[in-house]
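So that you can tell them apart, the chains are marked A, B and C in the order they are listed, and the count of residues begins at 1 in each.
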């Protein structure tokens, strides 16, 4: 019995399953578009072998280790690097054994599907991971990773990727992207402009980052005009290196549209360190509108990822740093929050603002009605905790009737885990085919429409939405 | 292949589908009750032919044009009348062609089902609307509309309507309703009393409206007592003209129960233009309780439609006015908001307050528990963005287990689009039959109970809830 | 035709139904664990016959009478005891007739399933309850209740209960629990420590309760240290009498982590009656963290049940008192609210805090991400209004993908209605089997995994989570 049945995630009803399978076969060969994620350009630039299974699949993946931590495994024992000097496990085989011992915890989660998909389709494993098989699986994967066909560029090709986007901050010189472009390899690895570190006054090292931005751009980043000009320059540079989008990870979706004088005074208070919490929040809000206006100028598509309470656990943040599985979603308002930006530029035919959410109650109440009206808005796919079979199904059920399919932008994998990319796209494609099959089976769509839509959801929408 | 299969919206599972179909056949001949909507009494009074397809189906329907606008079509090019004098397209065939070119955008939406249903069952069209068929469809529908059997009264009868309610404000003299009553036609076209224009101090022309109400009723509408008396008189008049309900479109569900002196002082501040934003909101809140008390006196059923951020787009509001597809739902509280009213009159056997929502998170958390306890409360059907197959299914799934079926009030179409009325009721009936079939198939209901409930959901509950 | 088909609540799809049935048969014989509820220890101590059908099944069950009240039946006519001296119906047969006349109102609700399950499996009734059968059913049940095999201890055994927990306050001397332990009966009836009456300054008689606690423990409960010591003593006593958990019914999930001096000053203000509303709320918040710290010391599992607006109807509260079906859920925040407690003790391997909610929008947004990260947190089952087929299904669909199955704690019945306990567990087991069958049918789980999980969800998780 293979780890994953060839019909996994298709509807249980035989007739609907046949439709889903037919739709899936129709799109199975389409290339993968990966317009938003967190892989590293250096992998493709250097094209070196990935390290061992634990270092590849466990230690860097907060989806994986937070689940083990929630059941009492210590992060130290999983080899998660500490930032405060606490000693952590370094024996990859030991770490892998703990992971395998607890693999049953992932039953019913997308992580389980992604991992089983990789084990089966990437590494050719056909036995379930558990305490007993742990050593054999480790050894087998480790041996695979030594082979040339498991190097990053080979995998890019094997995965049938057409383009993959990384995410970098304005201070990044994108030297790995340059190295890839100048190489004889034809893979398309582009960046996305993520300016949080110089936009969010609460970001670690904000003042230092601002100074570095000034140095890099030769702009006076302590003046409002110079600061905006520095952004413009870096956006142009990112665009020249292939970027087609910007990305904004704000605590909320709040926007503002201050006049020039107000904005300048606010910036002055922020830069001088005198800004209150409210002023800092207003500054982030204002910067979203500024970024939207620059998007209209330079054509970079804008992504907004709000609503995560970052580093919720004080202890984990102190000992292990950022992005360690303790970012927790919060209630997020879009309707009031986005109004200033939308009143300013929401009807611009040149703006494309893609909205994501971690608060599913906003899908039908706020996001679909907004995206189903404003020409500038589109809906990003089910994100993060909702990058899952049920999450994607709810996303379609809660947004399609109001916003249709064409105000959504297809799938993006948003992952740091390169080997999981085919699995993540496969899950998304299957769930979308299952959703379309349900519409066909209940006679809400004709089969020829469903076929066209399946291609759009798997490929076309992402390509056009991200201007790829 | 017909546009809509005869089994559309029934469950995919063959056994459940058979049950749904049997239930549907059981209720298929029942008359339509349309107790809440926005058709125009003048249509039935004058009984003139409807204009061409674009003027009937595209230009006045914000469900239709906001979707096209969201994908970059300009409202001007769709002929939506401007209020600021901007020129707009007037060629109906051109407008229809744009609509047809973009008809694929509605895949997966209820608008698509309603339109296909009308095309097929009302106009006898069997080819899908698209760029190629646009002209033929336009011509065919235009020719139909010229026939006597497509006049408003003929359609009322063909649709098997038993009663239809329009919505008018207190200043309306209901002359078209009178004209219908005095005619030899037996159709029942009644009004609902919607006093927002003289209740909401933020309404355009509030002071003017108040003065006009005074003139009409010969009450001193600048005094609290006179103002309430004017409402009482108009309610009596509406009731005499057939109305059985009132309707209240407030920004929130906030209610208040001030004592007489407080209410009088508040009204004085509102009338004199000195009221703050908070006072205006308190006044709206107080007026809901006043209206509830009048309902107990005169027996008019009360409807509350809160939670829409009206005219969210400044630009659209300025150029095209109200009700142009840019009303966006917001989070809505009922539990705290309704407490003053409920403490005052929530246990009155004579009050019937029907609650609607645009915030689906309140279904299971607030509305079902409230309606499943207070005798005065009932649940309006899935509304507006949720007048859709998935929306109705969620409504049943999220409210029935706590409030049962009998605290819901059946379906209402809430539409301005007269030709879509049979389609909208048909969708509702099919979704309810599918829901009941699911309960029968999982042995939560016996078939004879499901048959009774199907009749109640399609006909009985609405008739009794609205006292028709 | 039996009242309930043997396949009730299993999926409609034949293949998925077969899987669900197989899983259900796999667990059908497992004992019931009832770790949280509101039955009375006295029943098992005295082992006297239950009174008549109305007194057993209608009058004490707010799930039952609130539905009738919502449709216009008067609480007085249902015999609900008044606290203000209003006369109420005392003829149990009359009350039962009203109940039977209105039994159709429960169509589609879990109450209907629980009652039909009891009628059929406990009392052997095979005709539906309605106006006509009312008298026969009353008489039949009344005769059953006179038999020895319907006494509490016999039912405990017939229900295959392994353990049942009641809920008592700190002033309770647990004499019935003692009586049971000292009897020759082997049933395991334990208590849970519910200190709301001495923790919540807004509780009726708070000052009096505090004094009584001081008297009982010989601690100075007017000093912060003495007050905490009194809690410690009573927890030790409850634990000695079998308790394994505490339970906290707070208006919100707010927690605080004040330093000793701050806490002491706050307690002083609370005790002296000078505390503001905000201070009282802060005190409740602080006490949750204190209780968590005591849990780490003594090993009692902690349960938090927040988010109910108790006694929402002023009239019902005044006339009939607490717990009369008018407790209404409200929006509940966990992410900010729990942070102080979690920063203090959220990573303690010895703390187990089980979270419940009445705000389903928090399942996927807050609760699953929190429980899927913090080792101290687990998710209580779908609660109260959501102790229902759809409620449980949503619970699994909205939490499993992020938190897995092993961060949930199995089912608890939370009921005052002892005869409904087998029905409630049966519904939960069937819904979980149906959910697992869906995962098996869509190839997300293998059958052997589903079998293991079915045992965990029905038995193992509750037993371990509550340390039973």
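Convention: contacts are C-beta pairs under 8 Å (C-beta built on N, C-alpha and C of every residue); 3 or more make two chains touch, one makes a residue touch a chain.
Keep in mind that this is a model prediction, so the values were computed, not measured.
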| item | value |
| --- | --- |
| Equivalent interface positions on chain A and chain C, same or different at half | different |
| Relative orientation of copies chain A and chain B, as a Cα rotation angle in degrees, nearest 5 | 120 |
| Whole-Å separation of chain centres (CA-atom averages), chain A against chain C | 40 |
| Where chain C touches two or more other chains, by residue | 11, 13, 361 |
| For the chain A and chain B complex, residues of the former touching the latter | 11, 13, 15-16, 333, 335-336, 339, 342-343, 346-347, 349, 361, 364-366, 368-375, 377, 397-398, 400-407, 438-439, 441-446, 449, 453 |
| Chain C - residues contacting chain B, complex | 1, 4-5, 7-14, 66-67, 69-72, 104-110, 112-113, 128, 309, 312-316, 325-326, 328-331, 358-361, 385-386, 388-391 |
